[in-house]
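Okay, so chain A shows up in both of these, paired with chain B first and chain C after.
Showing the complex of A and B:
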């Protein structure tokens, strides 16, 4: 097991001391790794325990089999717990956000990685990395004050510009820096010999990029998209400000208005319930169950992509 | 590398400054602000020393905090800790004796899981609410029935209630909001709010922001938050005001409550008496844009 030769183990004190330090730090690292696992398990346990009344009093069939979501009894005094509306809302909002963020993020990544060291590294990268750290409330506030009033001008009567469109744009802009910087790292880490070989064989810059660099950098690019997806999926504050929080998925037949009718996501309805903690145990349990579903969806997607990635790597 | 760090730091400073500006904008548009306080604080009649805590509704935090500041400044050896979460938490914590005073916009009976008979209600102020429209809607007066028709989704254009030819955009508050509970009981009187809202919003500040950019917008708010292009409408011909509440003709108001155990500490009693004293009610409380308890003996439906 030990990688330290036995001659060193029996060596006098300076070596011994270093060895002990190494052993202690190894235990420390293993402890940190174990702690992160324990935290994940505890989070799942906590959500499951708190969501348990929902399994008992609402029922899984009711929860996943209906789209009428009114846990606080605003319209139906007994409450309605059809979670399909917030689940579909999250899926659509995040899907649309990625449609915006992936092309823009990858284009930025190429600019970062392939333009001259000076401009890309010294100007673009710090600027974009800064955007990763901008708090989400800032994105949400800018979206509410600048974007929503513009969308309102083309929105259908009785609405205010809040909906999937505004949410997708805000979320898209939010995850672009994540995708751009991590993808740029992946592209930059492709060995120069591969590019040189490709160029030497007569490939154009575009051919080198699409047929050599991208395939080689694919695992890193996919990781960046997965992280962007996770951030968009879990974002609550920014989305809550611009999506309207109305429990309804617009009809796909409404064309462009599909993007302009107010709707909700899992995170926004969970945030809404925070002001109401302790007042309605059944609604609270329903929201815990929703949080559990959100966690499992994110887990599931991340694992599925990782699994597919590993399979494609071994088959290559 | 050092240069890029410098650039990063510069941009970071810029974004922090922007953030600060946002924070300021949000706090100035939020209801009763502490800047409105009087130069000389209302005097405390009898001091009791010790320490107590209060938690609950954020809508009356400014009021409780002001009273606590005054009391502590005038009474040596007194510590009053004021926190704010929400009304339900305040009532729950008062019932479990986790705090000495639980603040709430709504009566204890409306909070599930709490036995209201185990705590005592001390009303401390009256809050005036208003139905507001964007000035673009072209209405200044609505009957109760018209408000119910607008909010139930029956009317969808302002021209149906005597205003401009403009679609109505209905803004609602999140279920559980004290403002919404009061509106649903006192104005809607049981008629459910429409499910076709333009947005369901969880803070007063966001309501003000959304309303100001939506010409056809309608919302309900604490009257002290009405500003800019927002127009408070008269309900059945009565504009929201202390005198309309006093006359019994304006329905949209509620009491703010402090809940304690049946036998609170002397300091708790003394502090609540201070808030209820004429000096504080007509002084700091009025300056913070709450209405004094003496405004009316009538209770709003939500308080009954």
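Showing the complex of A and C:
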């Protein structure tokens, strides 16, 4: 406000009214912006409060130190709340999904960014933006209707084709458009002079891409992969449809069947509790604690993206 | 050496393009399959009018279609003004201080937060802590938590992409900041804003996990009705797609899978309409503005 001459401040009504409007609108805008912070604080608060019984009655050591998840006492009458099974399930499902999504997503990004303006911008980009908009539950539905019956044919007897394999494919396909669009943006924002310099030195388009463009676009590509990871980690219902929801990680020794036995992730474990919220307070608290773990993973992802981008700024 | 490099170049780009094309084809096939699979349901008039049932044959998605759009309406009423105001703050006022940095970080966190976490949070805050039951309002508030960070980013980007000269000339003519924003910047950014908001809408109406926890905890399809009362529970197409493929017993409700096919097909068609609509709106607005200048 120091730039406003004092003559104006003391001037009569129209100016003063406008100045007041300036101040009020500024506060309003700032308040709306601060709302996000308020919501994040509320999320932390409410998840922690609701997860509190898990800290007290289950114990952090039992929660993170055991792999036996039996909240309703099917085998152990007192119930077991070992979160290692859902946590490992999430890690494996998302890891496998990224194994699919990173190469395909990057291939799409390259095609999008490096193919001629017309084809890339008119055909590929609208298609991929459409895919981003497809509701994730639809990907899960298609996985259940198209993919799972095919996997059932090679699955061990007594299982339905649901498991890590189906979940990884569904999550992978779901995450590809995210990685592709954001990586393409990063590749396109690499200055043309870098590309031209490389080409002028006699490098082929592939050499330019892998040795000049990719390193320059690395922060953006890493960000896109981290965001894809976060999306896959947080997806609940699409995974719930195709993973089978059995509280056991298949033995790695079972070979290909590792991908075909039903299992669970953190998000499907939370979803599973939807039918009896309030019926089993201990299990409910354990699910809130799982949500808190997911929140911490989200914080980690946001920090990782910031770090990648800050590195790139300082190196330039 | 040179020859080898050229060969690598050709092979690598060939492989990359083949992979990209294969993925696009795969998803197109999936989308076409989904619509094709639901064609008999989509052709049935009762599908659009009658309510769904979890214990007998003959479900329709009437109330869910209504509810999907009603929730979208409630969410956009809450999201658009708030997101726009926050976007204006980040684009026009925000500095680089600690507080602003924390707020930016919070917005990024919200944008990355899994929707199931938002759902559980929404259940804890809007349902449990307020001592009420699941309702459309609670679902709309949860959806707002999901949509808000996108609205903020879209508004900020739209305003930032305007040429600096636009703002400077308005200020030079003696307009206040408020006048510059409302009468110069926002109209100029309108095409981008409209496109962005339509895409947000497309994202909201496909969201299932958050609504599942806040809109319809318990027996999902008992409270299907066409009421405008925001305090009544209600579920959406996306929620029904999940419920009818996971919780409803196909032995009892023999058409549960067929019904889900119809819902999935309808969702895909709506996504298409939203995307084409967004593109069309953007193109029209751009043409109109260019014509005006």
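The rule is short, and it goes like this: the second predicted complex is superposed on the first by the 269 of 316 C-alpha atoms of A that agree within 3 Å, B and C clash if a C-alpha of one lies under 4 Å from a C-alpha of the other, contacts with A are read in each partner's own complex, and residues count from 1 in each chain.
Just so it is clear, a residue touches a chain if its C-beta (ideal position, glycine included) is under 8 Å from a C-beta of that chain, and two chains touch if they have at least 3 such contacts.
Owing to the predicted nature of the structure, the values given are computational and were not obtained by experimental measurement.
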(request) Have a look at chain B and chain C on chain A after the superposition and call it: clash or fit. (result) clash
(request) Return first, second, both or neither, reflecting whether A:247 touches chain B, chain C, both chains, or no partner chain. (result) first
(request) Please work out whether A:119 is in contact with chain B alone, chain C alone, both, or neither, and reply first, second, both or neither. (result) neither
(request) Using the touch definition from the top, say if A:304 reaches chain B (first), chain C (second), both or neither. (result) neither
(message) One more residue to check, A:205. First (chain B), second (chain C), both or neither?
(response) second
(message) Let me test your reading of the model: by the given contact rule, A:158 touches which partner, first (chain B), second (chain C), both or neither?
(response) first
(request) In the overlay, answer first, second, both or neither for which of chain B and chain C A:141 touches. (result) both
(message) Just to be sure I read the superposition right, which of the two partners does A:130 touch: chain B = first, chain C = second, or both, or neither?
(response) both
(request) Could you say whether A:234 touches chain B, chain C, both of them, or neither, answering first, second, both or neither? (result) second
(request) Check whether A:36 is in contact with chain B, with chain C, with both or with neither, and answer first, second, both or neither. (result) second
(message) Comparing chain B against chain C, which has contacts with more of the residues in chain A?
(response) C
(request) Could you point to the stretch of chain C, among 114-122, 132-140, 168-176 or 258-266, that collides with chain B in the superposition? (result) 258-266
(request) Indicate the residue numbers of chain A shared between its chain B interface and its chain C interface, in ascending order. (result) 126-127, 129-130, 133-135, 137-138, 141, 144-145, 240-241, 271, 275, 277
(request) Show which residues of chain B lie in contact with chain A when the two form their complex. (result) 3-5, 7-8, 11-12, 15, 18-19, 22, 86, 88-89, 92, 111-113, 156-157, 167-171, 174-177, 192-193, 195-202, 206, 209-210, 213-214, 216-217
(request) Could you please specify the touching residues of chain A with respect to chain B in the complex? (result) 72-75, 121-123, 125-127, 129-130, 133-135, 137-138, 141, 144-145, 148-149, 152, 157-162, 240-241, 244-248, 262, 271-273, 275-281
(message) Which residues of chain C touch chain A once you look at their complex with the stated criterion?
(response) 5-6, 8-9, 12-13, 15-17, 19-21, 23-24, 26-28, 30-31, 33-34, 37, 81-86, 88-90, 92-94, 102-103, 105-110, 112-118, 120-121, 123-125, 129, 145, 148-149, 152, 176-179, 181, 199, 202-203, 205-209, 212-213, 217, 238, 241-242, 245-247, 260-261, 264, 267-268, 271-272, 274-275, 279
(request) Mind listing the chain A positions that touch chain C in their complex? (result) 18-19, 21-22, 25-26, 28-37, 39-40, 42-43, 46-47, 49-50, 103-104, 107-108, 110-112, 115, 124, 126-131, 133-138, 140-142, 144-146, 173, 176, 203-207, 227, 230, 233-237, 240-241, 267, 270-271, 274-275, 277, 287-288, 291, 294-295, 298-299, 301-302, 305-306
